[in-house]
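For reference, the structure discussed in these notes is given below.
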Amino acid sequence: GCGNTPKAPEPAKTVELNVSAAVSMKDALEEIQKNFAAKNPNIKLVYNLGASGSLQKQIEQGAPADVFISAAPKQMDELSDKNLINKDTRKNLVENKLVVIIPKDSKLSLAKYEDLTGPEVHKISIGETATVPAGQYAQEVLKKLGIWEQLQDKLVLAKDVRTVLTYVETGNVEAGIVYKTDAAVSNKVKVAATAPEGSHKPIIYPIAILAGTKQLQAAEEFVAYLASPESKAVFEKYGFTMSQ
Amino acid sequence: MLTVDITKKLSHFTLRIQFSMENKILVLFGPSGCGKTTILRSIAGLLKPDEGKIVFRNKTFFNSAPRTFLPPRHRNVAYMFQDLALFPHLDVSSNIWYGVKKTTPKSHVLYQKLLSLLKIEHLPGRTIHQLSGGEKQRVALARALMSEPEILLLDEPLSALDAETRYELQDELKKLQEIWQIPFILVTHSPEEALAMGNEVLFLQKGREVAEPPPSWHRNANGSSSVSTAANLQFFY
Amino acid sequence: MALVEWQPVLLSLKVAFISLVFVFLSGVSAAYLMKNLRIPGKAAIEALFTLPLVLPPVVTGFVLLVLIGKQGPVGILLTRYFDTQIIFTPAAAVLAGTVVSFPLMYQSTKGALESIDPTLEDAARTLGSSEWRVFWTVTVPLAWPGLLSGMVLSFARTLGEFGATIMIAGNIPGKTQTIPLAIYFAAESNDLTIAGLYVLIISAATFSLIFGLNHWKLGK
Amino acid sequence: MLTVDITKKLSHFTLRIQFSMENKILVLFGPSGCGKTTILRSIAGLLKPDEGKIVFRNKTFFNSAPRTFLPPRHRNVAYMFQDLALFPHLDVSSNIWYGVKKTTPKSHVLYQKLLSLLKIEHLPGRTIHQLSGGEKQRVALARALMSEPEILLLDEPLSALDAETRYELQDELKKLQEIWQIPFILVTHSPEEALAMGNEVLFLQKGREVAEPPPSWHRNANGSSSVSTAANLQFFY
Amino acid sequence: MALVEWQPVLLSLKVAFISLVFVFLSGVSAAYLMKNLRIPGKAAIEALFTLPLVLPPVVTGFVLLVLIGKQGPVGILLTRYFDTQIIFTPAAAVLAGTVVSFPLMYQSTKGALESIDPTLEDAARTLGSSEWRVFWTVTVPLAWPGLLSGMVLSFARTLGEFGATIMIAGNIPGKTQTIPLAIYFAAESNDLTIAGLYVLIISAATFSLIFGLNHWKLGK
């Protein structure tokens, strides 16, 4: 069966640390896991990666988790209101940027967000504004730029950022708005524009240790490690910027 | 002693029948649609009469007041269906063994005896759809006999067989009844068969017992000539 | 193997087979009981049985999460009497698979039971069989093609189950990650090759099942 | 003119039969399992013989070389199955009308005539499982006759009927054949029926035609007495 | 109505009914053709038919997207010959529903066809019926309980279809939003009341269907 692979006898007791994290951080977290394991052989990281909203619900229903990394403050705030996180440990881990992407071979001359109103752009995909953080940020930017109403007929709301990427990759929409980190994983799209500074609230990935953890010490070590220069390099490699 | 006294509304008439029988062979005789199968189904417990009762020895099979209904499996009645109802997913031998509660050396002897008696020794491994009409009928008969019942109900058991086999089996069934000493109820359209086998004959017409034998009784089963032995009839009934 | 992990494959197969056992027993029993049930609210019960098919799996997953979570009624019972939790374990994946494929087994069995000849069941009864024996030796074999369809559907559905599973079993690599989760995961990091390979594996499993069942039938 | 010359391997023997017939009534007579139904199924096109040919008038129904097989629906053969094969999802009248290609005033007349002839006037609205055994048999006969075939195959068509009805129907079938002038092939276990109806009798034994009638021929169908008219046999055959 | 929008409800029902017609015809035809097919690769074709059930709906959606998308083979043909696109339209929702529920209809029909008595089909043949007439007047009525199960399953599955639909029909409120999409988004934004109301509506639709079908059968 699973989970009963014989382990080499270890002097210190190995603890398992359950980390529920936004799936958009997958690649970065996997790399960090390897580095962390080398330094902390007695802490075994167990990731549960999913949509931030699902992770929040799981935690609310008592699913085992010691650390939560959300893709937006909203989910963290709600857990905080229910006293499910250790508020003192909450901080902002990394930040992301919002970009307009177009297919790699696209001949559109899109240089800024306002160009989306042009007649050659028929369909634009963004994340669903009610649920997908990237969609909410996109809405914010478009409203701020005063083109939200104008774009209504062009919008295709996607279930998640991954779908936006797929629509753009397959040429079914002329443009999409995703995180910089998402654009980074695909070689079929290119970044056409980045949201102007201050056009949206900072895109923050908050982290916190959960109130019910029994592995406080290990959790603290892990959270500290995420802020280390070594982790910083990894995050930046995948397109994140570290929060101050 | 089996006592049947039942009423059942059917599509075009009401079946209202009453009889008692000892450990004998009773023949039900009457035109198509007169209610013979309905009587057998009531005794077997596959159909609830509207009113009346059915009592066998000290067991009440059915009673309308007080409401009693003994499920078929507790009646120990073997019923050979008019349309055979063999299990298509089982082979011949599994069909025949199906009703045997406990396999004993004795049942193995009975099994072998039935196979040879019914001339189906070459069939045990076949599935039902690989049988001819008459072969199916003999397998159904074997299945009913193998269950060693306390009452045996036979609905036109020999109708698809050639005269030679039919004659032999009439004889064998008679002997069997003498050995087992249980009630047999037999439905047949052949007056000769009724005469050859029946200790008693019950004439039916539209769901009622009638005293007068129907016209069919005076013909042989094929309608071409009258039965020479028909004169003996009154002694039987 | 460098590209594809075998753990999700093994887990998926294990979950699908175990679910199949549960769903077979529960689906067939439910169809049998419903067949003989004559009450006014019958259609409502049937609608309830079909619900896991109608609801988006994430919703089913959410309902299950509320039930088996630490504060849910089932979760509380599990903690009190067995001192255990099934959330985030492979057992939760089995539960999710069983629940979402139950309607398939139930409906298939129902259809199959309705089209068999009751005379044969009657024949078995007169031969002294209990209802239990009649059911297993006559009804079930006669309804077999329909049951088999239900089993293929259930197995396939569980193998592909994603939404409810990720909700209650989580997506824990090496522990509760099934093939569909691995596909989702690979797609997240744009590894379409890996996703494609998992799709191939899952297709091969389906093919084997159908091939096996077809031959099993021929062999009978 | 119907010519049949076929070979078919069966479980325990090989059927090898050859005959020709005009627009007459041919009786197939032989013990259970000798291959009668198999011959009818071959003519109807429900079974492919291994070798040989079946030709009716100028139509080749089957030929093994050159490979020809006319599908059943183009043979215009009405076949009354030994186990009836009535459609359980249709009522009696829909069953009877099923084979009628075109509803004409003439077919309505035929329908009414068949209902009264077969004494099933009270059954048209019933479903099949609400019929007694003999009623089913008569409905199946009506269905076969309604399709106004060019060949009629009857597999023990009257076996579940009382002698009275049976006798009447033998008569009617005979008359019908004289009017329609098409080949009838009849399977029966009753020598009287064979004699009463058949213009010719073909004796079968383990898949082969035999010259000598089997022992059953000298008994009546119920096995209790020998047939008085048996002496006439040689004239028929 | 302040809380619940009726548009997703109407659209869902429309999509489910239209899909049901397509899936009935295609599922029954496929089962019929496969029944009479005797070729070596049969199990492979069947596995292919079952695939939409095994694959996570998002994957099915992805495959469909690649096929009917602007640059996909079907999409190109549609543009060239009809000057139209079905992606991001309700027609795409119908396509998604039909594809994901096809395995249910196919397998149910297959099971039902296998358990009917071939003698009755033979009887119809000797009575001069063409294979087509035999199929519709004998085979289908005899297989009816199984077909009905398949229809219930297909209808329910389409009604609840989420993953593939959202992929190819998009989620364009007022245009392509079906009930499951509405539920999902309500649930994700923690509007549990609205999600619950939609669940009630979808359950009521299932109930009506099953109730109707049960009574339709009794009426026959």
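Of note:
The first chain written gets the first letter, and so on, giving A, B, C, D and E; residue counts start at 1 in each chain.
Simple rule for what comes next: a residue touches a chain if its C-beta (ideal position, glycine included) is under 8 Å from a C-beta of that chain, and two chains touch if they have at least 3 such contacts.
What you see is a predicted model; the values in this text were computed from it and never measured.
Touching chain A and chain E at once are the following chains: C.
With chains reduced to the mean position of their C-alpha atoms, the one farthest from chain B is A.
Here D-E and A-C are compared, and the pair linked by more C-beta contacts is A-C. As a whole-number value, the distance joining the C-alpha centres of chain B and chain C reads 47 Å.
Note on chain placement: the centre of chain A and the centre of chain B lie 80 Å apart, centres being C-alpha means. Rounded to a whole number, the gap between the C-alpha centres of chain B and chain E is 51 angstrom. Multi-chain contact residues of chain C (touching two or more other chains): 58, 62, 142, 144, 187. Contacts with at least two other chains are made by residues 83 of chain D.
Contact annotation for chain pairs lists A-C, A-E, B-C, B-D, C-E, D-E, with touch applied as defined.
The residues of chain B lying in touch with chain C in their complex are 44-46, 71-73, 75-79, 81, 83, 85-90, 98-99, 101, 143, 147. The residues of chain E lying in touch with chain A in their complex are 62, 65-66, 69-72, 87-88, 166-167, 170-173, 184-185, 188-190. Residues 11-12, 30-33, 36-37, 82-83, 122, 126, 130, 132-135, 137-138, 155-156, 159-168, 170, 189-193, 195-196, 214-217, 219-225, 228-229 of chain B are the ones touching chain D in the complex.
Interface of chain C with chain E (complex): residues 42-44, 46-48, 50-51, 53-59, 62, 103-104, 107-108, 110-112, 114-116, 142-150, 152-153, 156-157, 159-160, 162-163, 180, 183-184, 187, 195, 199, 202-203, 205-207, 210-211, 214.
Those residues of chain E that touch chain D in the shared complex are 119-120, 122-130, 137-138, 141-142, 144.
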